Amino acid sequence: MNVTGTNPGGNGLPKSRIETLCDGVLAIAMTLMIFNIRVPEMPREQAGSRLAGELFQLWPRFVVYVVSFVMLGIYWVGHHNQFHYIRRTDRVLLWINIVFLMFVTLIPFSTALMGQYPSQRLSVDIYAITLILVGISLYIHWWYATSSHRLVDEELDPQLITLAKRRIIRAPVILLLAVAVSFFSVKLSVILCAIVPIVYIVPGRIDRKWGLARRGDG
Amino acid sequence: MNVTGTNPGGNGLPKSRIETLCDGVLAIAMTLMIFNIRVPEMPREQAGSRLAGELFQLWPRFVVYVVSFVMLGIYWVGHHNQFHYIRRTDRVLLWINIVFLMFVTLIPFSTALMGQYPSQRLSVDIYAITLILVGISLYIHWWYATSSHRLVDEELDPQLITLAKRRIIRAPVILLLAVAVSFFSVKLSVILCAIVPIVYIVPGRIDRKWGLARRGDG
Amino acid sequence: MNVTGTNPGGNGLPKSRIETLCDGVLAIAMTLMIFNIRVPEMPREQAGSRLAGELFQLWPRFVVYVVSFVMLGIYWVGHHNQFHYIRRTDRVLLWINIVFLMFVTLIPFSTALMGQYPSQRLSVDIYAITLILVGISLYIHWWYATSSHRLVDEELDPQLITLAKRRIIRAPVILLLAVAVSFFSVKLSVILCAIVPIVYIVPGRIDRKWGLARRGDG
Amino acid sequence: MNVTGTNPGGNGLPKSRIETLCDGVLAIAMTLMIFNIRVPEMPREQAGSRLAGELFQLWPRFVVYVVSFVMLGIYWVGHHNQFHYIRRTDRVLLWINIVFLMFVTLIPFSTALMGQYPSQRLSVDIYAITLILVGISLYIHWWYATSSHRLVDEELDPQLITLAKRRIIRAPVILLLAVAVSFFSVKLSVILCAIVPIVYIVPGRIDRKWGLARRGDG
């Protein structure tokens, strides 16, 4: 039996369709968050005097928006890097993906909460915990696929597996710290959350490793 | 006449585009449901005392959310498993898909209704019936494609066809029971709805069968 | 110069990406319309007595929803049938597609308007005109691609081109009649709108023709 | 090591998945903007006398909607034209894309703001600046990919690179002028914003160039 079109080289569930679903959910979550930032309502004749002030008050929402958008971007990149190496899929991996996506879809809610009540410890904690859950499910995704080379090539470099794990776990660790810190200072906790994206944008050892592995593809 | 790009091996309508539409609609429905759970509105100075309580009251919505998300995941997997075996498409199959998608898009509405009025028999019934309609259209989809091997390979194992049918019909049957039970006890009915996803996550005979069939692909 | 991945056989803009954009916009429009039907708000303790009545009052919205969903399905099928025969794309075709999509995105607005004020002549007229605009842009799409076989194969049967044109123009004609009739009877006009999907679901001469043309592909 | 399915000819990150994410985000942004234009709420018995007037008052929103939709269409075409020539991707290009998408997702907010307060200088400025940011990130995208032929073919015509740059920069330049003009006349500024799409729809030298380059593909 042979699968045409969507799954040229695979056995097990075609990974292309899991990727499609993930791309879809992530793209929608990224795009829709902006709809939680509403244009301030006021009578048009008052807009001249009030609009600037009320728009300015939206700034915490935009900051949280940018952090969430970039985090979703990072998770999207991480997910796609994992699938670069994953050769087969199975039932368990599929369900890890669905749980991962479920946590992803909670991010717009946490973002709206954090944007609306940015000085509440509860908001920061819920926000950080949502991102932690996404990060941990991405970690489990990689752990499951690579342990005993279950769904990856036999010859996949164990060092690359370890480096990727360390990279993924970085966000949950910082965010866990943010939750702990929030008991003493909400502001410091918020700053820790905002630092997470920066940690990932800077290229690290794993990126050079990945680059090399890929340059060796051809 | 030959189709380039999107439909390499097919005759009839290209199944890849039907899959794309389904993936799109399912991904959007899954992601958008969260937007029916609104962050509670209150003056920021009251958030310290009221936020925790009002967030806590959202818990039924989150429970229903998780059940709906997982059910959509299950239907997505089921749909994609069917298309793994479907070789050709035709006009009727296309319209079964469109009806299936129409019922899928009702799930966010039913989920919002159930989340808002979780103790009303009417909410539970509408919720269960929506899921039943999706399940039945998925059943008809498989029945139509496989009866007299209409759109699948001649040599497709009849036992696999039957096992798949039994697996799909499980949700509608439990949910029909939930509707019946709701006349006596709404709580028991809600519990039955929540059980449905669990029934599917546990792997069954069909999964071993599918696994074997696929391992034999290469 | 050669394009990898997305456009194996094409010259001109790759048609696969236009198809992706169209699939995306149509899937989103189809899924999002349901979010214009809001769960009725009331205190939970009143839900027992009021919920059934207020849900029942939503019925015109659901009827319009079903009609719009099916119409979007029909336009999606029509668009994809056209691309089955279109071999090349150009700048003009791209812009016809973008205009087509712009009219498509107006459908959720017209649907919400029609669902909210179903007995207003203005609602029915705007609803019908939106669908007419989508239909006409789909007609122009086909006309542009096929006139002097601009973007289709030289040997494409002229009879098929004509039959497809006739099929596409059917909706705008009936809907134009609905607009005219609305001056005398809004109810009759609504019925005409609701008839349009039925006209398309019933297979016609063109479908047999298309079926034959495709069966001859292999 | 070889990538199956999604990245046939590439080394570096597969460009097809970046394109998928961009297509998704753009399709969603394009489709969702309409949901910021709400059907006017009024008691059904008053609809006969008030509906026409209140719908008519929405016209600035529809005008802004059309401009934003066409601009997103233009940016989508521009992005896809760039990827037509980009052969490889890297970490930096990926992040330029994510920043590009972040600015894209701000367009629905700016569009809603502009539609609601069309005569406010602040609205026009924010609207123009959002479009400028999208345009500039698209410019940087092309500049990064083509400088020293970093991610494009060695033999890519330098004249085509320059022509594409000039074409992309046109929108930010006109929009910057719109911002400057807004200090004197908001109306003139709005007109300048509305002119931008027209500048792009008219085919230019680059289009003939692109057309030629592609006709030479086969």
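Each chain gets a letter, A, B, C and D, in the order it is written, and its residues are counted from 1.
Note that a contact is a pair of C-beta atoms (placed from the backbone, for glycine too) under 8 Å apart; a residue touches a chain by one contact, two chains touch by 3 or more.
Since the model is a prediction, treat every value here as computed from it, not as a measurement.
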Superposing rotation of chain A relative to chain D, computed on C-alpha atoms, to nearest 5°: 90
Centroid comparison with chain B (C-alpha atoms), farthest chain: D
Numbering shared by both copies at the chain D-chain C contact, with half separating same from different: different
Where chain C and chain D are represented by their mean Cα positions, the distance between them in whole Å: 25
Centroid spacing, where centroids are CA-atom means, of chain A and chain C in whole angstrom: 35
Junction residues of chain B, two or more chains touched: 14, 20, 24, 28, 32, 35
Category of the chain touch graph - line, ring, star, complete, other: ring
Contact footprint of chain B on chain C as seen in their complex: 7-10, 14-16, 19-20, 23-24, 26-28, 30-35, 37, 39, 44, 47-48, 51-52, 55, 66, 69-70, 73, 76-77, 80, 84-85, 87, 153, 156, 201, 203, 207, 211, 213-218
Chain C to chain D touching residues, read off their complex: 1-6, 11-14, 17, 20-21, 24-25, 28-29, 32, 35-36, 90-91, 94-95, 98, 101-102, 105-106, 108-109, 112-113, 116-117, 119-120, 122-123, 126
